[in-house]
Structures are given as C-alpha cells and as structure tokens.
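Below: the structure, in structure tokens.
Letters A, B, C and D name the chains as they come in the text, with residue numbers starting at 1 for each one.
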C-alpha cells in the first residue's frame, strides 16, 4: 500500500494544512444548520499531488479533529488516516477526476434543499441571489444508491446541463456542491439551503415571479467577475 | 426497599458512569432542538444488573446533573436517587423488559415528528436517510394516556410491524426511540425529527417520490452492516 | 410620590431578589426564541407588598440588568427605577389585581402563537402536552390597543371561559401567559409557542386528530397534581 | 483622490467610532438570523461630514473588524479603507442623498421577507407590531439589477407611498431598511423578518384579520411618540 511517506515533503505539508482546513469547515456546516449528528461531509483535493482529504465515516462532529481526517488518492484508496473514510468517498473522487477545476466537494442533507430533492423538482430561479450564485435554477440529479461512485457520476452528468450551478440536489437524497476549494463548496452548500428555504416559503405564498433569463445572465456575469475583493 | 448498596461494586461503578452519560446526553436533546423546558427524557439500561438510569421528573435542563439522575429497577421501582423519576419511567421499563437488545430509550416532543403524530400519519419513506436509519416509513403508534406502562406497550406492539425502525410516533404525543445504548437512541431521536421536518417540507411542495422497497432494503442493509467505523 | 424607602426591609430584600430573577428570566425568552430585539416582557408580583417588578420599556436584551428592572405598585405607578416601565405595565397590573393566585405574567410576540392570533383561531387540542399544560385549546382573546389596561381586561375575561389555560393569544398581537410566579409564566410562554408551532405544522399535513375531552381531563388532572418533584 | 487626512479631526474621530459601531452591528444580523455567509450589509452616515461607513464586499462575518469597514463619500467614492466597499454602496449613497433624515441603511436577504419579495406581494398589516413599527403593510419595491444606484432609487420611490415604513422588500431580492442611525435600521431589519415570518405562518392557517386603518394609525402614533425611554 502507498503511504504518505511515499509523497514529497511539500505534499505532506499540504496534507497537514488541508486536514486543519477541512476539519474546521465541518464546523461551518453546523454553524449554518446544514447537518444533524454525523450526516454531511467536506473534502478538498490537494494541489501538489493527486490526493484528497475527507471526513471519516460516522464520527460525531464533536470528535472531528485534523488528525481524524482521512487522506485518499483520487480512486478513493486509503493513503493515510486511522479511520475509515466517508461512505461518499468514491463519489467525491469521481467528481475530482472528471471536473478538473473542482478542488472542493461538500455533501449535506440540509432540510429544505432535500425537500425539493424528495419531490424531484428543480428550485426555480426567483432570487437575484440565485442569479448570482447559481446562474439559474438549482437542478435535481438522478436517484442513486449510496456507497459507490454512482452518485458522483450523477452529479457530473447533471452539471453538464447546468454549467453555472455549483449544486445538484440528488433525488431523494440531498445536495452535493462543488467549488474551487472546500470553502467555496461549503459556501455553495450554505447558499443552496438558503435559496431552497426561501423559494420553498415563497411557493407557500402563491406564484413565484421567475427572473428573466437575460437578467439572470447579467446578475451571474457581474457576480462571478466583479463581486468581492480582487 | 432495595438500595444501591445491595448491588455489586461493579454495578455501582456502572451506575456512576451511566449517570454521567445520561445527564450529558440530555444536552444533545437541547443541541438538536428536540426539547423545550423540561420535556423529553433519556434512559439507559445497565449491563451488569437489571437496572436503568433515567431523568428526574420536571427538572429544568440547566439543573440536570449526574447526581440528579434516578436509578430504578426494570419494574420502575426507585433504587437510588433523591428526585422522583420521569413520568415515563414505567414505559421505558416495559420496553427494556420486552425488547432484549434495547439498552437505550429516548422520548421527546420534537416539533415536526409530533406534527405527523397529531394527524395519525406514518412519515412516508422518501429519503435515502430513511432507508438507512429506519428501513422504511416511520410508524405512528396508538393514542395512550401518560403515567403507566401503556405507552411502552404501544411502542413495543408498533415495532413488531416495523422491526427495522428505531422510532415510533405515539399519536397526539410524540416520538419514542430505541437503540443499543442511550446514545444510539438519542441519535435516532435527532434523525426522526430531521426526516419528519424534511418530509413535512416536501409534502408542502407537491408529491413526495417514495423510494422503491428493493432500494430501501439495499440502503438499509448497507447502512446497518457497512457504515461507520468497524 | 411613594418610594421604596417607604416599604419594610423585608420588602426591599424581596425587591432585590425579584429584580435578579426577572432580569434573568428575560434570558429564557431569548433562549427559547420567543422574542426579537426588545419585544416581550416578564413581571413578578411581590409576596410581601402590593408591588411588582417589570421590564423597562424598549431596552435591548443585552442591556437588561437587575438594576434596570422597574418597581411599580399594582396600579402601575412607578415606585422605584431609573427607567420607564414596559408599555404593558397597566395590563400586568390589572391581571394581578383581578387574579389573586397569579404572581407572574409574561408577554411575547412569539412567531407561531402570534400567527394563530392573527387569524383569530384557538389552537385546537391535539397534543397530550396541551392536555397537560392547557387543559384544552389555547384561546384567542379580543383585539385591544396597546398602552392601557385594556389588554389585561381582555386576558382576564378570556380566561374566565378557559380556567385551566395559562395563556391567551390576544388577537393580532401575541400571547400573554400567567403563573404562580414569573418562572411558571415563562414556562407557559415557551410551551405556548411550542404547541402553536406543532399544531401549525400538523394543520399543514391534513386533519388534526383532536383528543377526547375525557382524556384531556385525565391528562390535566394527572399533570397538575402528580407531575414533577413534590 | 480625497483621503481621510483631508477631513477634520472631529470627523476622523467620528469615523473611528462609527467603524466600531457598524462592525459590531453586523453581529446583530447574525444573532437574529438575518444573513448567511457574506450576504447583507450595514452602513451609517456621518454627522460631521458627507461620508458613510459600510461593510466591505464579500468578506465572511468572522473576519469583519472595525479596520475592515470602508469609508466612502455620498457618491460612493472610496475615501478610506483597504477593502472594496459592498456592491450595494451606490444604493446606500443614493438613499442618504435623497432622504435627509436617514443616517442608517441595512440590506439583508432574510428568508421570509425575501419569500414575500419573490412573489411581489406586500406583507399585509395583521399585527399590532406592524402598526407600531411600519404604520401599515410592508411594501414591495420594483425589480432592479445589482451594482448601481438603481436599487436605492427603487427604495426611495417606494417609500414615497409608504412614508411610515422603514422597510422595502425589493422584488426577487430582499429587504432594505432605513433608520435615524444604523442601529435603528438593524432593528427594522430584524422586525421586518419577524413580521414576514409571522404573517407567512398566519397565511398558511387561513384568512389573516387585517387591522382597521384607524387602529393602525393610533398604534403608530403611540409607538413613535410615547414608547421607549425618553
């Protein structure tokens, strides 16, 4: 078996840093009420080697430490760590192998996003925040069983039709989000739940006014290129 | 009256440890928003004697300490403790006497689980998380008055028809959950509320897509046998 | 003007203690999400004199201290305190003058209780917890303007028809709750919001099963006389 | 470029104090659950010069410090700060230039207020709290793209028809609130979400009883002139 000792000092230093980052980002899942008990997981792909750092399987959030994070290669094989990796490891790995710009993946069962997923409906684009972050509706992906890379395939296939969305709501399951690093994917998970909740509440009040496609395009263009600190 | 002094040193040591555990798990009920004020209770059966440790009746969560936890036998008779035991003691005891693998019982009135219970409807199985944790719908149990073992009987009878579910929603009352220890029963209580909330929200959006029984069986099989740290 | 110096040392000691208690119970309103910003107030009547201690008007919760609490007589006249008393002081005072067993009053605008109040509907009794705490439905009281004792009159009149309920939902306004002391009234406020939320959620799922009056009576009898530590 | 050094010592002292205030008020947005991740912003206009202090763009709440706050003139030009100002700066500036009594502006995407905005409906006035704080319904403003002063214009135009309301729900976007200082605008943002949530919940229960205009006027008159500490 390959171990971390087979990797460069630079990679071992990156592993240390990413373990701390990924452990700490699980705290953001709790902070924004995206997970219950042990549900949900965050991973980040390394820059210096074809490796990723991911949450261990079935460990309560109180006990997640940098040391408990698991290192695997991009086929999901264990490289370093004393715990078994998340059940969703093969799906995270599939996404990294097939989406070159993606270096962070998050999965939750956040309540309102998952409610949309249980009815098989995309979240309609009725918020400027959705134009900004998703460039349109948040799409539902196919039903897939857990434990293989089948979920990852479903995510990648769905995003071919929704290239501006960082989120897929896997049917009957919950959201998977992607980003340029784990923090961006966690932000996408928080935003997915927020727009799912808001659009859900709007639906109960009557007809949602959907935003014209031309305006969605302008919002997305500005947000992706101008917003934030540059 | 039998007292703790009549038990072995080993049992007295287990009582001490389980009192700490049960007191601390009440904090998890608060953390996951499953209880208000004094509502809700956790118990754990001992391994070394036919005893259980349970919450005292009507004490605010701020004042729950290991020392305030109550020890009873499996008929619900007081064995040790300065407070009166929970009103639900006879029902916890009934469950332990009649379900040999169960060593933890939890009762809450968590909002969305109790909403389903007030309409007498099972929570339909529209989430992979429900396949995993419950192996199908979460069942409603009969209406029962409080204060005798009648509730415990209702729980045991209902679970005969739903052997994979760790939860019963007692009609007009709230969820009772079981587990191999108190922590597992608390986890089941948290998961019951989460799936109750998510399925409730999905119902407001339209038709819930229920998962095929064959897929539910596969999800449950994998989760119960493969998931987590082994 | 009468001042605290005109009262006995025993009363001055009780004022000190009740100021601490009432200030601290406002923290429970926040803990159970019953108030936003400065909305909501708690008072307690004294045992040793016809006085009450109540929240000052329009002060943010962060700045509520025992010293900022206001002492008035049971007509609502200021007796001690550097701040103006709550706008609801005359109504609290009216309740104390007209309900001899009541020594605690709480008012909130908690979300779901107030939603029922805005539609003028009693909360139907579909929960054993409601049988326990309210002995039936939670009643709606009349519409009343703010700033006089008119609200207090509306509370007292409504409770004549619902003598077991510690809560009235004032139409278009929010809940007022009573108790044998301020803590009991705060508990009633927390329970009112919890049952309002649960029954609201149940209503969205279909028909609420209401509990038979005979069973409600048995639940209430047991809870009021047997439950808790005696 | 004009810099802070071109202003009086008194203004530089005010900038220091307002930076602390505005940074700290962003914590209130979190406390009352009005924002997710970096969404939402607070500004305050200065008393001693035509300047304002506003949140930097796209910075996580954990990293907001007084030093990171940005100072601009009332055209939105940068005067002091190492970060780019909020995308909504031009709109805040427009409001200050056109509403002389306004010294605080807040923008959030709080869930229930934004849900009303996504359906283009005013929040009907069914709460005494709304009579108090808003003097009637909370109005919806027009759809506007982000990044220019167009949103600010929409806010100012809408408030001409609703002169007692401190809030406008910009269609498909979210609430903007105003006040005599930033704290008053933050309070208005918290109250907007609370009444949006309560009226949303009431709508699900049936018909909201709207308050007669004459009573709304009396509530508003009393609250604006008598309530609080004077």
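The rule we apply is simple: a residue touches a chain if its C-beta (ideal position, glycine included) is under 8 Å from a C-beta of that chain, and two chains touch if they have at least 3 such contacts.
These are the chains along with the protein names UniProt gives them: A, B, C, D = L-ribulose-5-phosphate 4-epimerase.
Nothing here was measured: the structure is a model prediction, and the numbers come from that model.
S.K.: On C-alpha atoms alone, could you tell me the rotation angle mapping chain B onto chain C? Nearest 5 degrees is fine.
M.R.: My answer is 90 degrees for the C-alpha fit.
S.K.: Between chain A and chain B, what is the separation of their C-alpha centroids in Å?
M.R.: 32
S.K.: CA centre of chain B versus CA centre of chain D: separation in Å?
M.R.: Chain centres of chain B and chain D, defined by C-alpha means, are spaced 45 Å apart.
S.K.: Which residues does chain C have that touch at least 2 chains other than itself?
M.R.: Answer for chain C, listing residues that touch two or more other chains: 204.
S.K.: Looking at which chains touch which, would you call it a line, ring, star, complete or other?
M.R.: Topology of the interface graph: a ring, with each chain touching two neighbours.
S.K.: Write out all the pairs of touching chains, ordered by chain label.
M.R.: A-B, A-D, B-C, C-D
S.K.: Can you tell me which positions in chain D touch chain C when the two form their complex?
M.R.: Counting only chain D, the residues touching chain C are 32, 126-129, 132, 187, 190-191, 194, 197-199, 201-202, 204-209, 211, 215, 218-219, 222-223, 226-230.
S.K.: Enumerate the contact residues on chain A facing chain B in the complex.
M.R.: 36-37, 39, 56-59, 83-84, 87, 109, 111-112, 114-116, 118-121, 143, 145-147, 171-174, 200, 203-204
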